[in-house]
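Quick one: this structure, given as structure tokens, is what I'll be asking you about.
For reference, chains read A, B and C in written order, and residue numbers begin at 1 within each chain.
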Amino acid sequence: MSKGVAITGMGIISAIGNNVAENYASLIAGKKGISKISQIETIHKDEIMVGEIPDTNPVLEQKLGFTENQVSRTVLIGCIAAEEAIAHAGITDINDAETGLISGTTVGGMDKSEQYFYDYLEKPEVRQHITGLHAGDSSKKIAQYLGLKESFVTTISTACSSAANAIMMGARMIKSGQLERVIVGGTDSLSKFTINGFKTLLILSDTYSAPFDDDRKGLNLGEAAAYLVLESEELVQKTGKKVLGYVKGYGNANDAYHQTASSEHGDGAVLAMEKALKVAKIPATAIDYVNAHGTATPNNDLSEGRALIRLFNGKVPEFSSTKASTGHTLAAAGGVEAVYSVLALQNDTIFPNLNYKTPMKEFELDPITEVTKKPLRNVLSNSFGFGGNCSTLIFSKEI
Amino acid sequence: MSELKQELKEKIIEQLNLEDVAVEEIEDTDPLFGEGLGLDSIDALELIVMLDKDYGIKLADPKEGKKIFESVDTMATYIAANRSR
Amino acid sequence: MNKSLQIRSYCQIKNGIISHNGKVVFEHPLTDFEPFIKAAYKNFETDYPKFFKMDNLSKLAFMAAETVLSDKAVEEKNMAIVLSNRASSLDTDRKYQESIADEDNFYPSPAVFVYTLPNICIGEISIRHKLHSENSFFIFDAFNADYLKDYADGLLQNEKAEEVLCGWVDFDDGRYEAFLYIVSETGNHPHTAEEITRLYLTP
């Protein structure tokens, strides 16, 4: 007997806003968070554009009460977003119910570890960034900051689908009764490691990324943290709190094609979407809006476009990629886009796919390019990661 | 030119981890991608890095790579004409 | 409807030894990873040239999967994969970091970067065995039998997969350890946390 998984809180910090309200305002104003990089000294700074969070580390440290240079930026933005989610869910004592934290990250503390790489031998005061590099360390630190006591804390590291997988995992643990409440999502900050890596794969754009556009040149990297609070039906009934939406469906599949590229016809994507619909027990026709993975790389958008056409039998619903606004926030993307999917449902609004001018030659698909009002019942969100890890989430107004 | 071709074959084997391939097995005109050696897209990116690192050539447009990396012959011709190292 | 679940095949790789279902199937005099895993690859006549492009974590996971899947071809193709470790992809992360550490010798390697994520090894296994099933990778402080058991149970009881390949593949600074096992409806070992831990700990 399937139980509902209620979403009771959300938190986010991204290039287009420091909290949910700011992000929403930016989305409906069609605001771009993409610019030249300012907080990292990289030799590529004139060749790339990124979705950078405006707050510097000292500003974030002050907001949270962390000592200077103790933790990585990934932890700082993670704490900001997780704290907002908990407050939004009206939680005053995080330990008053069985609560877990499942966080996705790819970068971990690399932003700091790479900065002090040469200093570790001589400067003991920066050695905390050695252990800070570890992916699990960032989740632990966020849990500590939230005051989460003996509970379930884990880290998922499956590239760009990490946060989506964290949400899926959290939903399952609620349905099976293993947790009453769980904070799920992800966090990743910009780092030279990632910038250089993506640059050598030749998939970065030197201008504003244009998802699903025929002339798209690649993605803009971004940084963000975003979390949802999921609760069981019983807990919601006990507290009588407001439900923002439900995690109705989820699916994960492997593309089994290449370490980093997607298969030509989006096999993994189709499988993940089909699985999500099956879990949700709804037909494809019940999906009102698709928030696409839409990274604006030549490969993804072609593969995902084809997958959408296959899944929806040619009748693809309204869709858009919000990555032109925030950049591709890697492990956090699934969380960021989950927040945006819930905002879409709450406001019956579809957010625009910026920078789109020319339809792709290979098929007839036009994303939504203006803020559009439409009654929405079910929103599908895709997140596809390196390693062929394809994940799909379905969010609904009803259980 | 033949010295450069020999060098390229050795580098290709080493750089791209082609474990069971011997230099003698690579013909100058063998296709490197698709048939022949069966290199893939990541290998192409590594070759672009190699052009820069070992021969000082920065490819302005990575799509040029397709023509340049057709075979050891085409690679050697291009490098001989454009190298700065 | 609760199915009774079993472990039908398991493999361990450490200290220069590969064992399958408790029996040593390959032993190498040198425990150093690189010569060991190459010798293992050749010993089993693996014939998969892309193996040599993989990083150490993927090579380890790949050979463990080859071993654990050797007694029965994956016919159903609906085998989920749930792996975990402690070090994530740190070993390769460091290698990649080295390629961008020197300002004067600055050549980031795309072939190395591609492996700076722990779940790529799942991708490699999936490509090899054509598995399109569900897959995930978790980072834990130590081997967590309870978690893996619950996850596999969930997948199989809810018919999300027909079998699950689970385990631990960790590689860090020359130290390597792999323990993979297949959860299924048939097998010789009961699928319990105690049994999983026992098999994991048996040298």
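As a convention for this text, a residue touches a chain if its C-beta (ideal position, glycine included) is under 8 Å from a C-beta of that chain, and two chains touch if they have at least 3 such contacts.
It should be emphasised that the depicted structure is a prediction, and the values quoted were computed from it without experimental measurement.
Across the two candidate interfaces, A-C and B-C, the one carrying more C-beta contacts is A-C.
Comparing each chain's Cα centroid with the centroid of every protein Cα atom identifies chain A as the most central. Placing every chain at the mean of its C-alpha atoms, the farthest one from chain C is found to be B. Put simply, the C-alpha centre of chain A and that of chain B have 38 angstrom between them.
Per-chain Cα centroids separate chain A from chain C by 27 Å. Computed from the mean C-alpha positions, the centre of chain B lies at a distance of 33 Å from the centre of chain C. For chain B, residues that reach two or more other chains under the stated contact definition are 42, 45, 49. In chain A, 200-201, 258-260 are the positions where the chain touches two or more neighbouring chains simultaneously. In chain C, the positions touching at least two other chains are 108-110, 114.
Of all residues in chain C, only 49, 51-53, 107-111, 114 touch chain B in the complex they form. On the side of chain A, the complex with chain B involves touching residues 200-202, 258-261.
Note for the complex: chain C touches chain A at residues 81, 86-90, 93, 96-97, 100-101, 106, 108-110, 113-124, 126-127, 130-141, 147, 150, 154, 160. Those residues of chain A lying in contact with chain C across their complex are 43, 106, 108, 110, 113-114, 117-118, 133-136, 154-159, 165, 169, 172, 176, 178, 192-193, 196-201, 251-260, 267-268, 271, 275, 385-389. Residues 16-20, 38, 42-43, 45-46, 49, 52-53 of chain B touch chain C in their complex.
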